[in-house]
Structures are given as structure tokens and as C-alpha cells.
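Pasting the structures in now, so scroll down.
Heads up, the next two complexes both have chain A, just with different partners, chain B and then chain C.
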Partner chain A sequence: MATANTEEEKSKSEQQKNHGGGGGFTRWAVLAVIFRLILIYFPGNLNLSSRPEVSTPLTSIRRLAEGYWLKQSSMSPYAGSMYHGSPLLLSVLGPLTVKRTILTYSVANAELKGSLVTFYAVGCSLVFVLADLISGILIRATGWKLQMTYRKSLKSLNLLNKSTDSGGLSSGDIAALVYLWNPFTIVACVGLSTSPVENLFTILTLYGAATGIAPLAAFGWVMATHLSLYPAILIIPVILLLGYGPDAPPSKLFRSKENGKVGDDTSSQDIIFSWGRVLHLLVWTSMWSVYVLVLCSISVKQHSSLQEMFQRTYGFILTVEDLSPNIGVLWYFFAEVFDFFRDFFLIVFHSNILFMILPLAIRLKHRPCFLAFVYIAISSMLKSYPSVGDPALYLGLLGLFLDELADMQFSFFLFCGYVGVSLLSPVMHNLWIWRGTGNANFYYATAMAYACFQIVLVVESVSSMLNHDRKLMKLSASKLQK
Partner chain B sequence: MRSKLPDAASSRKMAASSAVVAILASIWLCSSIAADASGSSSETTMHTNNWAVLVCTSRFWFNYRHMANTLSLYRTVKRLGIPDERIILMLADDMACNSRNKYPAQVFNNENHWLNLYGDNVEVDYRGYEVTVENFLRVLTGRHESAVPRSKRLLSDEGSHILLYMTGHGGDEFLKFQDSEELQSHDLADAVKQMKEKHRFKELLIMVDTCQAATLFNQLHSPGVLAIASSMKGENSYSHHLDSDVGVSVVDRFTFYTLAFFERLNMYDNASLSRLFNSYDPNLLMSNAYYRTDLYQRNLQEVPVTNFFGSVMETVHTDSAYRAFPQKNTPRETRIRTGNTAEDDSRRSILTDMTKAECPFTRIVSSLESKMETVGNLDSLVNYGLVMILPVLVVSVWLST
Partner chain C sequence: MAKVEKKEVAAATPPWKPKPRPIVRLGIVLISHSLLVSVVCCTAGIVALFLLPMLAKNTYISENALMPGSASSMLSNHDISEAERLAKDLTSLNSGAADAGIERRRVLAKYLSDLGVEVGYHKFQSHQNQFHPLHFFSSPDSGLSRENGSCSSYGINVVGIIRAPQADGKEAIVLVTPFNFRKNSSSEALSISIGYAVFSLLSRVSWLAKDIIWLVADSQYGEYASVASWLRDYHIPVFSASSSHNADSCFEGNNINLSREESPGRTEISSGFRRAGTMAAALVLKVTDVKGQLEDTLSVYAEASNGQMPNLDLINVVNYLAVHRQGLRVKVEKFLSVLTWEWIWVLGDTLNFIGKVAGSLNPEWKFGISTPDYVEGTATLASSLYRQALGIPTGPHGAFRDFQVDAITLEISPKVVYTNQGRRNEFILRSARLIEGVVRSVNNLLEKFHQSFFLYLLTSPAKFVSVGVYMIGFALLVAPLPLVAASLYVDANKPEPSSQDPKQKLQINFKPWKWLSAAKQVFTVHAWGVFVSLLPYFISQIPNSTPAAHSIIWFSLSTFGLLVLYLITKSPSKPQKGKWENLKSLTISAVFIGLLLMSVVNFATAQIGALVLVPACLLAQPLKLDIRTASLKTFLRIATNVFISFVAFPPAGFFILKGVNEGFGNMDVGEFWTWLESLWAWNSATYIYIGMVHLPCWVLCLQILLHSC
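Right, the complex of A and B next:
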């Protein structure tokens, strides 16, 4: 009883600490939103929406505007291979892309007129700013939930180190602020790419799975897969999250602890896989996917068909039809591969993502949130049309595991690498396309360097997480021996 | 005794001779019947269309006048009513854009340059090296390769009046083609005979403006052919005048006076062929114009020149439309149509009854689709569906916590 009371007090104090930390978080979050709004005020959104890093054939706002215009002109929005996104996004964002010159007639000032002509972009930008804000809040909530359950499991193993209690911000706050203040995220938001919306649904999936709300997780997963194909592999960490619960130390520890101590009045630490919640999740997934498919079929009914929609969205992603340069590694390769081998290499590149699923799932099944992070990092490296919104997502999620990854090697090297690549890549693009003094190899070299840094990040984070687990095992073994 | 044998022999002889006479008589009867038939057929078939085959057989700059001749007659014939579809124009066509031509893309037949013969609507069917004796004979007889387009074929029938005009250099029973071949009089006669056999014309007027042109008609035998030539055997046909600006002679005398005759006419004049033939003055032509009418049955004073040089058609006005199709079907057709629609409706209702019995899922889908069609705006439905997501999500989250 006494221990329960102290536990309640401890959780309350933790909540108060979070509130205090929350004050800091809200301040920084509001500042991030204001910063985005200031950047949006600049004419033409700083021309970021025309950069290849920001707008890919999947995320470009101009293609969305074109698709919306085609739909308004009683044609299929997929005509002419311009728009490759979801028809639901057309209904939501389409009307916001239309230029509205309502206010220009009452304006005498030339400066103001110039900024009002681009008024149409503001509606769209506000949607993306809102998406970013909600993503930040959801990351914070996920991080808080993860931290709470992790602390609980560590405490049950008597491994909790009081010194790990950082006074200021929890890992969730740090992760949310990293996400909100990441230059990649800001560029993706101000440059009007649709990746903030995709990231929002991915984070919603993780939040729903971490808090155990199956319909929310199902909805997030269905929408994320619908918007871009790659979050489909997140079904495995979501199932693991709902089955096993959020990240915990390896189950070996719990079993060895049970063998060591008998008659403990803490609750049973048997990590059993709850099939009920998974079934719940699957039911909700099927319901949401039917709903989304029905909505899409109604939306495309008049001038297009569902088959065309799948062909132009998923088919486009999988067959890599557009070879315009981006920060990924596929465009250069598929520009020079022979047609005879094209299908083979498409299978190779996509199965490169698929092959990693099973081994990582086996090895990291006790840490499904971290597994989701690794999956997201791998898919953003090998996806057909990566943009700057993908590192925004996984770098934000990386912040959730700062406690465990504190001893990660090469962290400074990676930081410098990311900064260097993000500065050099636009320079090389300019040299190649605009000045003509470079060629595609310059730009592709930065893309390859970027892929190398991503690989190093994934490898190092996984190895440091496994090292952390080994440390925990050693610690608990030494404690048991005591 | 002698009388008996001579009697038998004479009787046999008489039988043989009578048989021969009978055979000959029958042959003569048949031929006369045939002749009568052909003669009567040529009189009983109606004159329905006019064709013109205008051939200039020379090339090179110094034969400017031959092309001017042909183009002048082309213009006249078109002016008097024959359309381009009924004119086969064969020219070497190397004058208008010749590098020696001071007036590019212009061909004149008079030194006053009033008339540009190479105007906007000159349709040459055979030009350049296509003007050969072979092509000419193919045009006349209608024996072309399958790839030859219809615009290059003489598609005349038994009601056609054909004007055949040829100009160039010629001689005793020949006509020179493109300075490399010659058309001989028996070739022309054979071609005309083939045309007659194939009923490719009702009446044919051949007009030739070359030296010793009359010799070209020596072999003609087909009935219904009228021939006129610019000069007789041993005579030359001369050019009319030299255009010092262009540098060559621009027209021949025979064609010049022919054109002068036609310039006074319009489409509705009924000047006769005899007037045309009598208008040629040997002093002005410096040769004797010759015309051959023995193959032509009709009286030249009754034949208007527009029978050959123009195209005046007799229109028969009828009150009934679409006379080519039988009238009696239309009431029956309408009856059939109404009958069909009734059957169609019943068939359609049968089909829907069948589908109704089939599968509840398809029934639901079809009813949904019909409802969606009645819904005015599908976009508003989609927006409604999107907005509905939020409350459904909130409710589901609330239910599962």
C-alpha cells in the first residue's frame, strides 16, 4: 500500500515536472509556428516549392493544383501523368490552391498588392503548419507514453537509475522540438510539399499504437499507406506495439528475474502477446480501408476509375516512372539501366526494403517503436522519390530514443555529414542545372553521400540500441548476483 | 444424159450456192442488225456527261506555245462548264517555272499579257515525264494499274461526249511525244476503236494542232468520231505571233482562232459546230483546216459546240425526292421501328427483372450507383465523407478507451 502511494506521488511529481517542462515546450512550439508563419509571408514561399529536394512528383503542390484543375475541368485528375497522389487530398487541399484575388481590388499600395497576389498559398501553408503542430504534439505525447512505460518496466526490474531523471525536458519534448525546429521540417512545410500531412498520419499511427487505441492506429496506418505506399511496412511495429506494448527491455530480463526472485508482489511481468488487441486493430484497419476506398471510388467515379487511381499512385511509386533528379539514389540508376533489366532492378530495390523487415522485427520485437523508426529510416533511403520531409520524420523520431542512444558512436560525424550534404546538394544542383558547369555526377555524388550517412545512422542507432540492451542485461545479471 | 449429170451437179451447186447465199445473208443481216443496234444504241443512249482530254505533247522552253495552246483550251473548256473532275490535263508543265521565264508562274497566250493562263486553279493530271504515249493510251482505253488514282482516269461511260485536244509537233501519220516518242495514227485509231468497243464514249471530237495533223486521222474507223485538224498533209501549222518580251512564240494560229471563236461565246450559246469549222480562214491560218465528218452521223449544224467544249446538262425535274430508293419501304420501316422499341422496352424490363433476382450484393451496388447518379454533386458527397471521418474517429477512440 505504502509503495503504491509513493508510486502515485512519484507519478504525480513526474507529471508536474512534465508540466514545467511543458511550459518550455509550448513556448518553443509556438515560436516554431511563428517562425513558419514569418517564412510563409515571404513572396512565393521563398521559391522552395520548386526545389527538387522539396517537391517530388508525389509531394509537389503544383502537381496537386494541376490535378485539381483537371478535376474541375471534368477530366480525370490523373490525366497527363501530373498528379500522383490521393484523390482525397485533392478534395481537401485542391480548393486551397486556387488563386484568389478577392482582396486586390481594394488595395492601392503596390507592395501589399504583391503580397496579396500570393494570398492563395497562405491557406495551403496554414494547413501544413497545422499538420506540423499536431505532429509535434503527437510526438510529445508518444514520447511521454514511451518514457512512462519504459520507466515502469525498468523499475520492475530494479534497474531504474535516478540520475537518468533529467530536470528539464523529457525525451518526448526533445523529440517534438527536434521535429518542429528541424530545418528539414521547416523547409518541407514552407515549401508546400505534402509530406507534413503524410508525416502527421505516420506519427498518428505510432501514437495510437503506443497508447493502445486500435482505431486511431488503424486510421493512421490506412491513411499513411493511402497517401504514400511505404508506411505499409509499419503494420508490423504497430502490431507489435499493440501486442507487446511500448518499448521495453528484452523479455529475457523479465524471465531471468522471475527465475531469480520468487514471491514478488509486483504484477506479473509475463510479456504475453495480446491477440485480442491485434484482432481489434485488424478489424478497424479493414473498416477504415473500406471506408477510404469507397470515398476514393466516389471521388474518381465520374472521369476515372479506381484501377487508374491505383495504377497512377501505387503503380507510379513502384515502377519509378519519373526520373527527375531528387535526393534519392534511384533516378540516376534507372536512367541508365537497360529496359531488359529494369523490372529486375525495380524488384531488387523494393525488396531491399522488404528483406530488412523480418530480421529487424525478430531482433527488435521488444522495442517496436524503435523498430518503426528503423523502418522509416530505411524506407526513406530506398524509396522512389525521397524528399526533405522524410529525414524530418525520422530525425524527429530519433529524439524519442535519446536516453537509449546516448552512447551512439559517430553522432558528431553524422551531424556534420547531414549539415554538409544539405548545404552541398543544392549547390551541386545549381552547378549542374543552372550554371551548366557541373554535371549529374556532382549532384548524384551528394545523393550517394546522403544515402551513406543514412546507412551509418541506421546501423549505428541499431547497434547502440542493442548495446544498450546488452548493458541492461549485464546490469540486471550483476544485480541478481548481488 | 448430159442433162442428168449437169442437173445433179447443178442442183448440188445450186444447193451449195444457196447455202452460201443464205449464210452470207444471215451474216449481213446480223451485221446490219448489229450495226443498227449499235447505231440505234448510240442514238438511244442519252448524252449525260462531257469529258475533255487535253494533251500537250511537247516540252522545253521553245515549245512555250504548245503549253499555252493547251492551257488556253483548258481555260475555255472550264469557262464553258466542264469541271476539273471531267478534265484530264496532260502537260509537260515546264514553262511557268522555267528559269528562262521572265514572268515566273505566269503563262500567256498573247503578247498583251492580259490573261495569265497559269492561274490559281490549274489542275494538271499528268505532268512532266508522265506525259507518255503509254499513259495517253491508258487514259483513253481505261486500262490502268490499280494504284492509279481516280483523278487520273477517264471515267467516261456510254453517254459521254469526249473532247480530245492534242498539240505539239507532228508529221505524216505521227505525233511527237516529249521529244522522245511518237504516237502513230494507227495507235490512235486502235485506242479509239477500243473505246468504242467498251462503250467509253457516245461521241468523240478529236482536235489536233500540229504540222500535217490531218494525217493522224487516216486510220480512224469508229463511228461517232468527229475529227478536226489544223493542217493537211504536206502543210505546216504556224505560230501566231512572237512575244518579244517572253522571247518565244506564245500561241499557234489554229488554236488562236479557235479561242477567238469561243471567247465570244458563253455557256448558254448554241453556236453550232459547223459555224466553228467555217470560221477557220485558210489565209489567216496559213494552212488548210481539215475536218472529217464521215464517221459522224449527225448534222453539224444541229450540234452545238457546247456538246463538246462545254457542259450543259439537261436537268430532269421530279417531284419525288430520293427517287433512287423505293418509296414503299418507308411506312413499313416506321412500323418496324415502333415495333422494335416496344420489344426493346419489354426486353429491357425482362433483363432488369432477371438481375433483380440474382445477387443482393450487386443489387445493393446498383441501387447505390443509381442513388449516386441522382445526387447532384459527387464532390460534396466526398467532402461530407471526409468531414465524417473526424466524429467517427472521436467516437471510436472514446469507445475503445
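Right, the complex of A and C next:
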């Protein structure tokens, strides 16, 4: 009892300490929001919403406005091949875009038009700024939860070195700030792509799962899957998170520790997989899915159908119909491939993601949050329409594991690579599209380099995480000998 | 237990290390010998730069469809006498009269409509080039400002369009002759004669497959501005009536409403904007008086903004027809001062000798080049590099390149100022036949120019260095940067011996990546660079001040900003081991990325920048360390470092270059401002390079030099 009390006190004092560091976090988060607002105030010169890096066919706000316009004029929002997003997003964001579009075409006076457009663009982008801010706060909360449980489990293994306890920001704070200040996030937010909203739901899923709130996790997962399909694979980390609890050292360690103490193999206590919470999650998931589907069908029933919605959203994602250039690797490939091989390669590329799910889940089942990061990184690499919103998400999540990944190799190389590629890619695009001296290969080369850097990032982070586990094993083994 | 221990020992000291993959081993070898590699590579890079005139290839016409010179010229003396009549009518008008300009325009329009072609006036307002820091990354129209200028600065271009009898009007060829309607100039009248002679012929021929547009550009506000505004209106239609309405109101105020003028000729003079199809190519024709020439010469200017060049085939066609059909001497610009440098001649002699020796060893090796050729090639190459690096177009053709149209300026200068009508007619005939031949070749094109090179440097009108050759030298020059950065990084982040201590090893340490603080420093300095490059926009708004005052304000504000940043970000912690190595490693990485980017945007700038920045970055080492171990080597290094960091400071470098070329006598602080202003007014990427790559890296090098380690 006494020990429990002291532990509680300790955690309280740690909480306070975190709040002390929270001053720094709040300041920087507010600065990030102000920075976004300043950028939103100067939209004309940046012209970000038409950049191929920011707006893909799925995330472009202009397509959303077009879809809303079609819907308003009593047509299916999916008529033509303009809009490929969710009907719910259309209902929420559509009214914010419509004033803007109407004014753009109707107001004759140029100056007046300029000021009004900025005014209404603010209405739409405020939603995205808010989404970013909430995402940052959720990442911070998730990180805090992860750190607490991780330290607790390290303590129970007697591995935590109290003297080297870091005095600065915690990894959750760092992750949230990395997310908020990442140029990719800022560009995606200011460029009015819908990816901040999609990212918000993915983060919400992880937060719900990490804190054990099954309904929230289910809601986040259903919404994220509904908006962009790829988060569907996150169901595995979510189940693991709810079943085993947040990231911990390998379960073998706990077992061997028990063995060392008791010296008896039979009384080993496995970490219990709580089926109750998973069932809870599944029930909530089905409820939310039905709810979302009903909402969608209400939204589209006048001029189209649910079947058309699935065809035009998921079907569009899976069949890679739009081959306009983006930062991914698929557009070039499917522009070149012969038509009769197309289906085959579609299956190959999509199953690439699915193939990696199971092995990774087995190897990293004790670290479900990290598993989720790896899944997100892989899917953003093999996505059909990637945008800068995707690296923004996984780089933010990467910050959650800073302590474990401190020995990561090539961190410097990767940093320089990401900076170089993200600068080179717009220049190559300019050379190809506007100046005509380059060609598609120039731009595609940067896309391939970017894909390589992502692969190196995933491989290195996974291997350094495994190394970290090995180190823990070694340490606990040597502790046990003493 | 014992088993576990054994395992532990085995893990701690593996008996054999797994061999890394060959590519990793190669990388490790290169990184561990980075000093040797960087010396070899840098030297090779600089040597390769001086070998370029030798490696230049002869130009050849790559596109078969062009077929230059395969048809005989159809130009007759009748066309020329008509053209001369027009020129006389234009020059005979009294230049002093206030409405002489309007009258000349009317005469020209009458002649054109007599030919039976469509004629139109294009009204434009010349406005100052604005500072658009992000213009480079956006489309040509997004940076456009259509603000209301004053009515005083307007110009009127005259446009004639021949509709091709054989075609659907989807393509066009553009001829441009700059002409100042307000002034009488014999050479400009001559260029109008040549243009009209060609145009009148083309209005009769049956083989045209592309429309011909003749733009007589009103050059009273500069040749470039008029062509650029015509092109903008051609490509970017204005749907809101506000802008053109504005210009119209100006004309009405001045009582020269051209649109309601009655038509004097066969066709109507249209008030609206006339268009033909997409432009296949454009030729800008100018005649200049240059004294003391041995024969009629043709100068070709090709550099557009940011060092972009037209397709090499266009230059090839012009060069082929001028040399082989019309007997003109073709020139491209060169630095005459290079011809007087002794050491270039010595270098040329040496290379000539080496080439001869190699040729005597094996007759297959034919890379010898005669000394005068080499020196001429170097002078032309230097000028080509300089013009591309500046990023300022060398003539009105630059405006076309912004719309992906291949264009060159042909500047024809007669041997003497012709007084004899017969000689004058012959000159017009030759020039007009040249233009006719080029138009006929371009007319044959099925697609837009794409066969030949876009990225090249000229070493003479008939010789070029392609991108595949000059990139090797540049790649060699910058190759040491990633290697040295990697080796420094490895040195700085070696596991410290104390961490091998078993006590430490037993704990899980939460330590951040070491290089992050250096990255923060590099980032802040680059943010400062952005601030410095945006400052001129605000400084130039200050009314009534001289360039010198501008420079001083700019300099002091920048220094102040740097001081503030330094005070904000100064870390209170004591300097730790490996800190300057990390800083240097990150600086070098930033330079590498910056140079790589710039080499894609504008190769010439990157090449010149690399010649300065690469040695500066590689040699930088804290002066304290060098002073501590005083020896000849370190002394030399200190001297070089101080010298390079002085030269690499942009204003210092500018004034030194200027002093070397023009003498140190009359220096003005404002000149640097004027030079930079010209760069940003033309939206040159070189300006962004200087502000966001060169200057921050120079500051970082200084920080490394002054590092307190």
C-alpha cells in the first residue's frame, strides 16, 4: 500500500514536471497556430493549393468545392471525375468553400474579389488549423501515456536509470511539436488539402486505443477508413493496443524476470490479452460503421447511391484511375504499363501492403503503437495518391519513439535526404511543366529518391527498435546474474 | 547461468565481424580517405572546367524536318524596293512633330493592310518590374500585377498576321522588329525594311503551313517590356474588362482613339487583340551600327531568364544558313578581356602540345586544339557562363522563353553605313533571305523543337558543350561534399570511450541526437538568409533615397538581425566535443543540397558558386585549433581561410571583380545595390541563390572559423 502511494506521488510529481515543461509546449503550439494564420493571410503568392505535392485527387479542396457545387445543382457529387472523397466531408466542408467559389466568379472588381476570397478562405482553413492543433494535443496525450506505461514497465524490470532522466521536453511534447512545426504539415494545412482532417482521425484512433477508450478508437478507425481507406490496416495495432496495453518491452523479459525470482517455470504469468476490450471495440466498430453508412446514404440518396460512392471513392483509390503526377511512384508506372498487365500490377502493388501486415504484427506485437507507425509509413509509401500530409503524420508519430530510437543509424543522412528531396521535387516539377527543358523522368527521379528514403527510414527504425529490445534483454539478463 | 554469460561475452566481442556489402565497404573506404578524395576530385573538377573548350563538339542539325537551305529563295527585288519605299516614308516624317509617332504607325498599318494581311494595334502600359521572391516556382501568370499605372507610360505595338493558306491556324511563327515610333533612326528603319521585305514575300507564298506574326514592337520603353506585355496578353486573356478599359480611357483622354480610325488599306484595322496559334519559334531582328568591321556580321543572342537557352537546332539553322547560304559572319558574345590574359595562352599552348603528343602516340586520339581556337573558345565559354549565371535575358527573345517558345535575337550589323542604294539593297536582300530561309525551315516542323539540346554552353557559333559533358566537371567539384560531411559526422559521433564503461552501459540512456543542435544553428542562419533576401522589398519602398543609402540600410539591418538571432539562440551550455565537426558537417550538407538545386535551376550559377563555396567549406576549421598547433601547414590554412572568407563575402567579391575589370578608381557603395536590384527585377534565381544559399553558408563558415572549441 505504501509503495503504491509513493508511486502515485511520484507519478503526480512527474505530471507536474510535465506541466512545467508544458509551458514550453503551449507556447510553441500557439506559435505554430499563429504561423499558420500568418501564412493563410498571404495565400496569393504561395499558390499552394494547386501544387501536386499538396493536392491529390483525393485531398484537393478545389475538387471538393466542385463536388459541392454539383450536389447543390441537383447532380451526383461524383458526376464527372472530379470529386472522390467522402459525402460527409462534403456536407461539413462544402458550405465553407461555396461562398468562396461563387464570389471568385461573380465579383467583378479585382480588389474587392481579392479581399473577399481571402476572407472566406480563412473560414475553410481555420477548420484545418483547428484539426492540426487537436492532432498535436492528441499526439501529446498519447505520447504521455506511452511514456508513463513504458517507464513503469522499465521500473518493474529495474532497468530505468533515474540519474539520466531527461530534464527537457518529454517525447510526447517533442512528437506533438514535430507534428505541428513540420513543414509538410504546415504546407498541407495552408494549402487547403483535406489531409489534416484525415490525419486527425488516424491520430484519434491511436489515442483512443492507447488510453483504452474503445468507443473512441472505434470511431476514429471507422472515420479514418471511411475518409482514406488505408487506415483500415490499423485495426491490428488497435486490437493489440487494447488487448495488451501500450508499448512495453518484450513479454519474454517479464517472464524471465518472474523465472529468476521464483525459479519456477510453471507459475509464469503471461501478459493477459483482454478479449473483453477487443470485443467491446468490435461491437463499437460495427455500430459506428452502420452509423456512418446510414449518414452517407442519407447524404447521397437524392442523386446517387451508396454503390456509386464506394465505386468513386474506394474504387478510385484501388484502380489508380488518375495518373496526374504526384509524389508517389504509382502514377508513372501505371502510365507506362500495358493495359492488359494493369490488373495484375494493381494486385501486386496493393498486396505489397497486405503482405507486410502479418510478419510485422508478429514481430512487433509487444509494441502496437510503433507497429501502427510502421504501417502508416508503409502505406504512405505505397499509396496510390500520396501527398505531403502522409509523411507529416508518420514523422510526427516517429517523435513518440525518440527515446527508443536514439541509436538509430543514418538519422543525419535521412534528415538531409528529406530536406533535399522536398526542395528538389518542386524544382524538377517546374523544369518539366513550366520551363519545358526537363521531362517527366526528372520529376519521377525525385519521387523514387523519396520512396528510397522512406524505405530506409522504415527499415532503420524497425531494426533500431529491435536492437533496443535486444539491449533490454541483455541488460535484464546481466541484472539477473547479480 | 554460465550459458547466458558465454552468450553475453560472445555478443560483446564477436570473433569475426560480418563483412558488409561491397557498396557499403566502398563507401567506408571513400569516407575514411575523404581528404585525398576531396583533393583529387576538386582538382579534377577545376581541370575539367578548363578542358571544356577542348571537349566542345561541332553542332549539327538534329531535326530532319528542318531541311535548311533546301529550297531556293523567292525574295525578289520588287519586295525590297517596296520595303525601301516604306522605310523612306517612315524616315521622311518630321520627327519633331508631336504626332509623328501616330503618323508612322498609320503609315506602317497602311502598308500592311495593302498587303492584305490582318493588322492590329496592341496597346500596353509599361510597368516597372516588381519584386516577386517566389516567382520562380510559380507559373508565368501568377506573379502578374495588373495594377493601374499612370497614363503617361503607354506604348502601341503594330501587329500583322498572315494566315497560312495551307493550315488550320493552330501554329505560328513570330518575327519581331523593335522600332521606336517617336525617333528617327536609320538602323531601325533598315530593320523595318528587312522585316517588311520578308513579310510581303510571305504574304504571297503558297507553302506556308504556319501563320506568320510580325510584331513591330514599340521600343520607347525598352524592347523587352513591349514584347513581354504583348506575349502576356497573347497567352493570358483578360476576361474582366477592368484592365483594358483602363488603357482605353488613357487613349481617349489623349484624343488618339486608334480603334475608331478609318481603315486606309485593303483590310480593316482591328481594334481587338488578334491571335494566331501556338508559337513554334520566334526571331527578333535588329540592325545595329558597329564601326570598324571587316564584313557584314550576324550576332546571335540566345540567353533568356535564369540561363535558359532556346533549342540548339534554332541556332544551328540560323548559323548554317548565314554561313553557307548568305555568307555572313556569325558571332556569339565573348569576353574580350580573356583574350589578353597571358596564362590562358600558355594553357592553350600546353593543351595543344599535349594533344600533339597524344596524336603522335596514337593517331586515333584527336583531341588537340589550336591555341587561338582554345583561347577564343574559353572567352566565349566564359561569356556564355556569365550571361547564364546572371539570369538576365540578353534581349527581347527572353520574354518568349517564359512561355516555352524558342526564340533568339539576330543582330545584323553592316560593314559600313550604306549610302549607295545598290549596296544597301544587297544587304537587305541577304538579311531578308536569311530570315526567309529560317522561317521556311521552321515552317517544315511537325512538332515543336525537341530533338536537340536545351541545356548547353556555346564555345563558338558552331561548337557547343552539352549538359552531359559539363555536368561531369561540376559533379567532380561537388562530389567531396557528401563524403567530407559523412566523415566529419562519423568522427563527431563516435561512441565516447567513457560509454564503454560497463557501469554506463548497463543503463538505458535517454539521449537526443547530437547533431540536432547544429541543425538548429544551420536552420536559423538560413532563416536569416531568407530575411535578408526579403529586406530589399521593404527597403526599396523608402522614397527619395540613393542606392548607397539603400545598401547601408540593408547592411545594417542584416547585421542587426544576425546579432539578434545570435543572442536569442546562443546556448548557455559549454561547448562539447565534436560540436564544430557537427556544425561543419551540416554546413557542408546544406551547401551540397543548395548547389545541387541550383545546378538544376541554373547550371552556370551553381558552377561559379561551387568554385567559391566548395573550397571555403572544405577548408574551414576553427582558427583556435590552428593557432594552437602552430606550424607551416596550419599557417597556410589560416591564410587561405581568411582570404577565401573575405572573397566569398558577396559585396567584397563583387567589388573585387569590378575593380579587376574596371580599375579600383571609382567605387560606389550603391553599385552593389544597383546590381542586385537588376537581378531581382528580372526575377533571377541567382538572387535567391546569393541570399539563401551563398550568404548563409558564408556566415556558417565564419562561425566555424571563429568557433570556440
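One rule holds for everything that comes next: the second predicted complex is superposed on the first by the 452 of 482 C-alpha atoms of A that agree within 3 Å, B and C clash if a C-alpha of one lies under 4 Å from a C-alpha of the other, contacts with A are read in each partner's own complex, and residues count from 1 in each chain.
Please note the rule applied: contacts are C-beta pairs under 8 Å (C-beta built on N, C-alpha and C of every residue); 3 or more make two chains touch, one makes a residue touch a chain.
It should be emphasised that the depicted structure is a prediction, and the values quoted were computed from it without experimental measurement.
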Clash or fit, chain B versus chain C on superposed chain A: fit
First, second, both or neither for A:L360, with chain B first and chain C second: neither
Which superposed partner A:L88 touches (first chain B, second chain C, both, neither): first
First, second, both or neither for A:L431, with chain B first and chain C second: second
Which of chain B and chain C A:M465 touches, first, second, both or neither: neither
Chain A as apex of chain B and chain C, Cα-centre angle in degrees (nearest 10): 70
First, second, both or neither for A:K474, with chain B first and chain C second: second
Partner with the higher number of touched chain A residues, chain C or chain B: C
Chain B versus chain C as contact partner of A:I327, first or second or both or neither: neither
Which superposed partner A:A447 touches (first chain B, second chain C, both, neither): neither
CA minimum distance (chain B, chain C), superposed complexes, angstrom: 21
Partner chain C, residues of chain A touching it in the complex: 44-47, 108-110, 154, 159-161, 164-166, 168, 402-403, 406, 411-413, 415-416, 419-420, 423-424, 426-428, 430-431, 434-437, 442, 471-472, 474-475, 477-479, 481
Partner chain B, residues of chain A touching it in the complex: 87-88, 91-92, 213-216, 219, 280, 284, 291, 294-295, 298-299, 301-302
Chain B - residues contacting chain A, complex: 372, 378-379, 381-383, 385-386, 389, 393, 396-397, 399-401
Residues of chain C defined as touching chain A within the complex: 1, 4-5, 8, 11, 132-134, 136-140, 142-143, 146, 240, 242, 308, 404, 454-455, 485-486, 489, 506-513, 515, 519, 585, 589, 592-593, 596-597, 600-601
